[in-house]
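The two complexes that follow have subunit A in common; it is paired with subunit B in the first and with subunit C in the second.
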Partner chain A sequence: MSSARRVRDGARPPIRLLRNLSSKIAAIPMVLVGLGVFVGGTLWTVLHSFTDSRLLPRLNWVGLDQYERLWSTRRWLVSIENLAVYGIVSLVLTMCLGFFLAALLDRKIRYEDTFRTIFLYPFALSFIVTGLVWQWILNPEFGIQAIIRGLGFQNFNFDPLYNPDLVIIGLLIAGLWQGTGLIMVIMLAGLRGIDEDIWKATRVDGIPIWKTYIIVIIPMMKPVFVTALVLVTSGIVKLYDLVVAMTAGGPGIASEVPAKYVYDTLFTRQNLGQGFAASTMMLVTVAIILIPWAYMQFREKRQ
Partner chain B sequence: MKKTIALLASTSLISVGTAAMAADLEVTHWWTSGGEAAAVSEFARMFNENTEHTWVDGAIAGGGGTARPIMVGRITGGDPMGATQFNHGRQAEELVEAGLMLDLTELAEAEGWSDFVNPSSLLDSCTLDGRIYCVPINIHSWQWLWLSHKAYEDAGIPVPTNWDEFVAAAPALEEAGKIPLAMGQQPWQSNGAFNVMAIALAGTDAWKAVHLDHDAEVAAGPDYARVFEAAAQARAFSARSNVQDWNQATNMLISGQAGGQIMGDWAQGEFQVAGQVAGEDYSCLPGLGVNEIISTGGDAFYFPKVNNPEIEAAQLELASLMISKEAQVAFNLKKGSLPVRGDIDLTAANDCMAKGLEILATGAILPDTNQTFSPDTQGQLEDLMVEFWNDPSYSAEDAQRQYADIISRAD
Partner chain C sequence: MTAAVTTPRGARPKNPFAPRNIMLYGALIIFSIYYLLPLYVMLVTSLKDMAEIRVGNIFSPPVEITFQPWVKAWSEACTGINCDGLSRGFGNSVRILIPSLILSVSVAALTGYVLACWRFRGSEVFFGILLLGAFIPYQVLLYPLVIILREMGLFGSLWGLVLVHTVFAMPINVLLFRNYFVALPEELFKAARVDGAGFWGIFFRIVIPMSLPIFVVSGIIQVTGIWNDFLFGVVYTRPENYPMTVQLNNIVNSVQGVKEYNVNMAATMLTGLVPLAVYFFSGRLFVRGIAAGAVKG
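Presenting the complex of A and B:
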C-alpha cells in the first residue's frame, strides 16, 4: 500500500509497458510463437499462393492465375455451396436445439445428470468415429432403411449418402448428433448463471415461461450465445474429417468441402500454389465473419 | 525412426572397421492387402537372406493417396527412409529434380538394366537428364474387363467376349436382378475405367494425341464423343452399384451379383483368394476385348539420399536385388503383376497373366496415365470423372467439354 502511494506521489509517472513486467516476460515465448507460426505462416502461405509452386515451394510469380483457376473449378464451387448450406443449417439448428435441450434440462427434471451425460456423450467421439458410425447407420443395406424395410414397409427409401441431393442432410444429421451436446452444456451453464430472483420477479409479474425465456433470459445470456456461436462457426469452417469418414466427398463430388479441396491439392495432387490459393480464400471467409465481430466486441469493452 | 537411424549411425561409426557393414534399411510402401503383403515380404526375405543388411518394413495403410503425402513429407522434411515405393511416372519428379534421390546410374550401367527392362519406357520414367533414379519393379495394366460366369449363367445367357456383346447382354442381366457393371465410387476408379474405354473405343491414335500431345481438339472431337456416349451408357449399367472400394465391387462379381467390372489386373488377386479359376469362374478381356492393348503402369522404388555411405551401400544392394531375376519371379507371382524383365520365363503364370504376357511380348503397349499426366492434371480428371459417373443428369456433351478444357491446360 505504501509503495503504491509512493509511486502515485512520486515524480515519475508509471510506465505502462512495465506494469506486470514478470507476466509480460512470461508471455514473450507465446507471443513469438504466435507471430512466427500464425502470422508468419499465414503471410508465407498468401505469398506462395501467387506462385506456380508444385510439390516444392518456389517463388515463380504467376499473378492471380491460381485464383482464376480456383474460381473456375467446379469442385471448388460445389465445396463452397456445400459449406454454406451445411454452415447455415447446422448453425441455426445447433443453437436452437442446444438451447431448447438446455432449457428442458433446466426445468429441474428428474435424472438430469443422466440426460446430460447422454446428450454430451457424442461429443467425446472424434469426427472420424462419428462419421463411420453414421455411415453404417445410413447405409441402405444395413442401417435404417434395411430395418424399416424388414418391418414390412418395402417401399421405404432412406439412403441420403447415396443421393447427391440429400447427402448434405446425411452430414448434417451426424454433425448435429455430435455437436449439439456441447452447445447444450454451455447454454445450461448460462441458464444456471441466471439469478433465481429474476425468475421469481417474472412469476410475480405473471409473464408466461416461454415469454420469459425470449424477452428476459436470452438477452441476458448474450455472452454465452457469442461463445457458442464462435465454437460452432469455427467447427463448421474446418469441416473435413466428418466428410472423409462418411462420404469421401461422394457421391461424385456432391459432398466436397473447401478444407478437403485444400488437403487434396496440397498433398495428393502436389500443387502447393493452388492449395494455398484455396486456403487463402478460406482465411478471407473467416476474416469476413470474424473481423466485424471482433471489432464490435472490442468497442463494447472500451465503452 | 529418426532416432533409430541416428543410433544406428552412431553405433556403426564406433564399430567401423571391425564389424561387417550392415545397415537397417527402412522401406516404405502401401502394400497392405493380403496378396500385396505376401509379395513384398518376398523382397524382405531375399534382402535379409542374401545381404548383411536388415529390411525394416514401413508399410503405410490406406492406399497410395494416403501414403504418398507421408513419404514426400518425410523426404522433404529431412527424415528420409531407406527406400520408398512410387508408381511409374511423375509422382517423384520434383523430388528427383531437387536432388533428393540417390543416383543409380552406375549400378544400372554395370548391370545393363537398359538391355533387359521391357518395355524401355519404364526405365525412361526413372531417368532425368540421362541419369537413372529408380528401379522399376512390376507392370500393372488397367485394361481389363472382368466377367462373372455365375452372373451370366444365372441370367441364362452366354458370357460376352467383347464390349459390344457386354452392352447387348446388359438388359438380360438387369431382368435377372443383376447389376450389369460393378463400379467402386472412388475417383481413381471412375477415371481409370474411363481411360480403359477411351483406349478401346477411341483407338490408340486418338488416345495418344490426347495423352502424349495433350491435343484438346482430339479430346473435343468425334472419337472421344463416342467414348463419352459409351461411358454414359455404362453409367446407367452401374447405377445400382453402391460400393466404395474396388475389391468390394470385385466381390460382387465373385458372388454373381454383378456381371462385369472394368479394373486393373490387381483384381485377379481377389478372384484367386476366393478360390476362383480363370476361364472357369471368371473371364478377363484385355482392352475390353476390342483393342487388345495394355498400359504399363506399376511400381518403382526410389532411394532417398541419406549421406551415410553404409546405408547408401545397402540401398544399392537392395536396388540390385529388386531387379534380379529371382526376385522378379518371386515377387510378381505373388502380386499378380507382370515382371519388368523381358528375359525371364513365368511358367507358373495363370490364364489371365499369360494373356498379359503375350500382349506385352507383341509390344501392343501404351504408357500409364501416371506417366503422361502430372498428379495435378490427374486430379482434375478424377474430379470430372467421379462427378460424371455418379450424376446421371451430367450429359456426355457437357462432360466432354470439361474434359477438353482440362486437356488444353494439362501438363
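Presenting the complex of A and C:
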C-alpha cells in the first residue's frame, strides 16, 4: 500500500501539464472528437462552401456563388418549404398529442404500463421500418384507400404518397406515429413532477380538470415544454431516412428535404461546394433555433 | 425530473363505468389502435401469399398462414445482383453493432469519469464543445469524416463505421455517465485514495461496479441507435458491408421485378425485431434512458 502511495506522490511532478496525467490521457478521445471532428469539421465545411469544389474539395474561392445558386435552385426551395410545413405541423401536433397522451396516462388509470408500452414502441423502430410500413398501409391499390372504396365509397381518394399536394401528410402520419411516444414520456415525467397538493387545491376550488391543465399545469411545465420543443425541432432538421424509405423524395421532387439535398449533392451528383453551402444553411437554421434557447437557459441559471 | 416516472398514487377511481371513465378509456383505446395498426398489418401481410394479398384487404387476417415470405426475405431476397436475402445485412449489422457498442460505451464511460472525478484545467470547456456537437446537423460533418477516415485508411470498412458511431454517440452518452458519476458519494473516492488507489484503480474497482444501471441505459440507447442507423451506413460502408436497414430499403424500394409485398413486410419485421426485443425486455430502463437522455440533452 505504501508503494502505491509513493507512486501516486511520484506522479505529481512540478510541471503543471503533467499533473493528473492519467486523466488527461483518458480525455484525449473527447478532445479529438470535440476539436478535431465537431469544431474542425464544421469549420472545414463552412470554409469549403465558399469554393467551387466539385468532385474533390479544393480552395478556389468564389465568394457567395454557391449560396446564390442554392437559393435559385427550385429543388432546394421545395426542400426548405417542405421542411417548414412538415416542421411546424409536426411540432404542434407532436406537442399536443404528446401532452394529451401523457395527461390521459396520468389520470390514475389501470394498465398504465401496457398503454405506455403501446404508445412508445414505435420509437424503438428505425425511420426506414416506419417509412416502409406506412408506405404499405397508404398504398392506394391495397391500403386504406382500397378498403374504404371497398366499403362502397367509390369516389374516396386518399393516396398521399402519389399526390404531390398530399405527400407531406403521408410523411406526417408516419413521423407522428414514430415520434410522439418520446414526447409523451417526457411530458409524463413532467406531470409526475407536479405536486399532488396542487391537484387537491384546484379540486377544493372546484376548477374543472381540463381548466386546471390549461391554467395551472401547463404554465408550471414550461421547462419541460421547452426541452420537448428543442428535441422535436432538432429531430425535424435531421429528417432524412423517413423520406428516403417512404417516397424517395417523390412524386417528382414534391417531398424533398434539405438533408436529402445535401446527401444527393455530395455523394451522387458530386457537387461538393454546393452540398457544403446547403449543409451550412442547415447549421444556420439550427443555430437560429438554439441560440435563443441557450440564452434563455443561461439567464435562468444566473438568476 | 429524470426518475420521476413513478406509479400513480392515491385510491383507484370508484365507478368503472362512469361517463368520464368511458371517455378516458375510449380515447386510450382509439390511440392504441393507431399505434398498434402498423405492427398488426406488417405481421398479417407477411403471413399471406401474394394471391391472397391481391384479392383481400390489408387488415384481414391470413386465411392460410405461410412462412414462405419470411424464409424468402431472410435468405433469397435480391438487392442488385446479390440474392442472398437479409441474412447478409443482419450479419453486417451484428458485426457493426458489437464493436461499436463496446467502444462507444467504454469511451463515453471513461470520459464521463474524467469529467466527474478528475477535472483538470480546461476539461469543462472541452465538455461544452462536445455537447454543442450534439446539435450540429450530421450533414455538416459527413464529408469531413469521409476525409478523416480516408486518411486513416478506414473508409468503406466496418471499422470506419464503428468509429463514426463512437464519435456521434459521445455527446449524449458522456453526459449520461458524467451526471451519474457526479452523484456518487464523494467519500468513497476519498477513502479509495487514502488506500492508495489511483485513477484506474478507482475507475475499475469502485466506479464501474457501482454503475451497472447507467451502463445498461447507455447500452440500450446505443443498441437501438446503431441498429436503426441508415445514413452513416450508406455513407461510410461499401455495398458488401451495408447494414440491415440499408439493405432492407434496397430490397423494398428496388424498382426492378414484381413487388412482393409479403416478402417486403417480412423483411421489415425482421429488421425491426432486434430493437423491439430490446424495447420489450428492457421496459422501464428504456423509458428511463430516453427520458434522461432527452431531458438533459
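Methods note: the second predicted complex is superposed on the first by the 272 of 303 C-alpha atoms of A that agree within 3 Å, B and C clash if a C-alpha of one lies under 4 Å from a C-alpha of the other, contacts with A are read in each partner's own complex, and residues count from 1 in each chain.
The working rule: contacts are C-beta pairs under 8 Å (C-beta built on N, C-alpha and C of every residue); 3 or more make two chains touch, one makes a residue touch a chain.
Since we're looking at a predicted model, the values are computed, not measured.
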Subunit B versus subunit C as contact partner of A:V262, first or second or both or neither: second
Residues of subunit A touched, compared between subunit B and subunit C (which is higher): C
Which superposed partner A:M296 touches (first subunit B, second subunit C, both, neither): neither
Partner chain in contact with A:G193 - subunit B first, subunit C second, else both or neither: second
First (subunit B), second (subunit C), both or neither touched by A:R74: first
Touched partner set for A:I147, first subunit B, second subunit C, both or neither: second
First, second, both or neither for A:G250, with subunit B first and subunit C second: first
Subunit A residues contacted in one complex by subunit B, in the other by subunit C: 248, 267
Touching residues on subunit C, where the partner in the complex is subunit A: 1-2, 4-10, 12-13, 24-25, 27-28, 31-32, 34-39, 41-42, 45, 53, 57-59, 107, 110-111, 113-115, 118-121, 123, 126-127, 129-130, 132-133, 135-145, 147-148, 167, 170, 174, 193, 195-200, 224, 227-231, 235, 245, 248-249, 252-253, 261, 264-265, 268, 271-272, 275-276, 278-280, 283, 286-287, 290-291, 294-295, 297
Sites on subunit B touched by subunit A in the complex: 65, 68-69, 72-73, 76, 91, 93-95, 98, 185-187, 242, 244, 374-376, 378-380, 383-384, 386-391, 402
In the complex, subunit A residues that touch subunit C: 1-2, 4-5, 7-8, 11, 16, 19-20, 22-24, 26-27, 29-31, 33-42, 44-45, 57, 101, 104-110, 112-113, 115-130, 132-137, 139, 142-143, 146-147, 150, 177, 181-182, 185-186, 188-190, 192-193, 196, 224, 227, 231, 234, 237-238, 240-241, 244-245, 248, 258-259, 262-263, 266-267, 272, 275-276, 278-280, 282-283, 286, 290
Touching residues (chain side subunit A, partner subunit B) in the complex: 54-56, 73-75, 140-141, 159, 162, 164, 248-254, 264-265, 267-271, 274
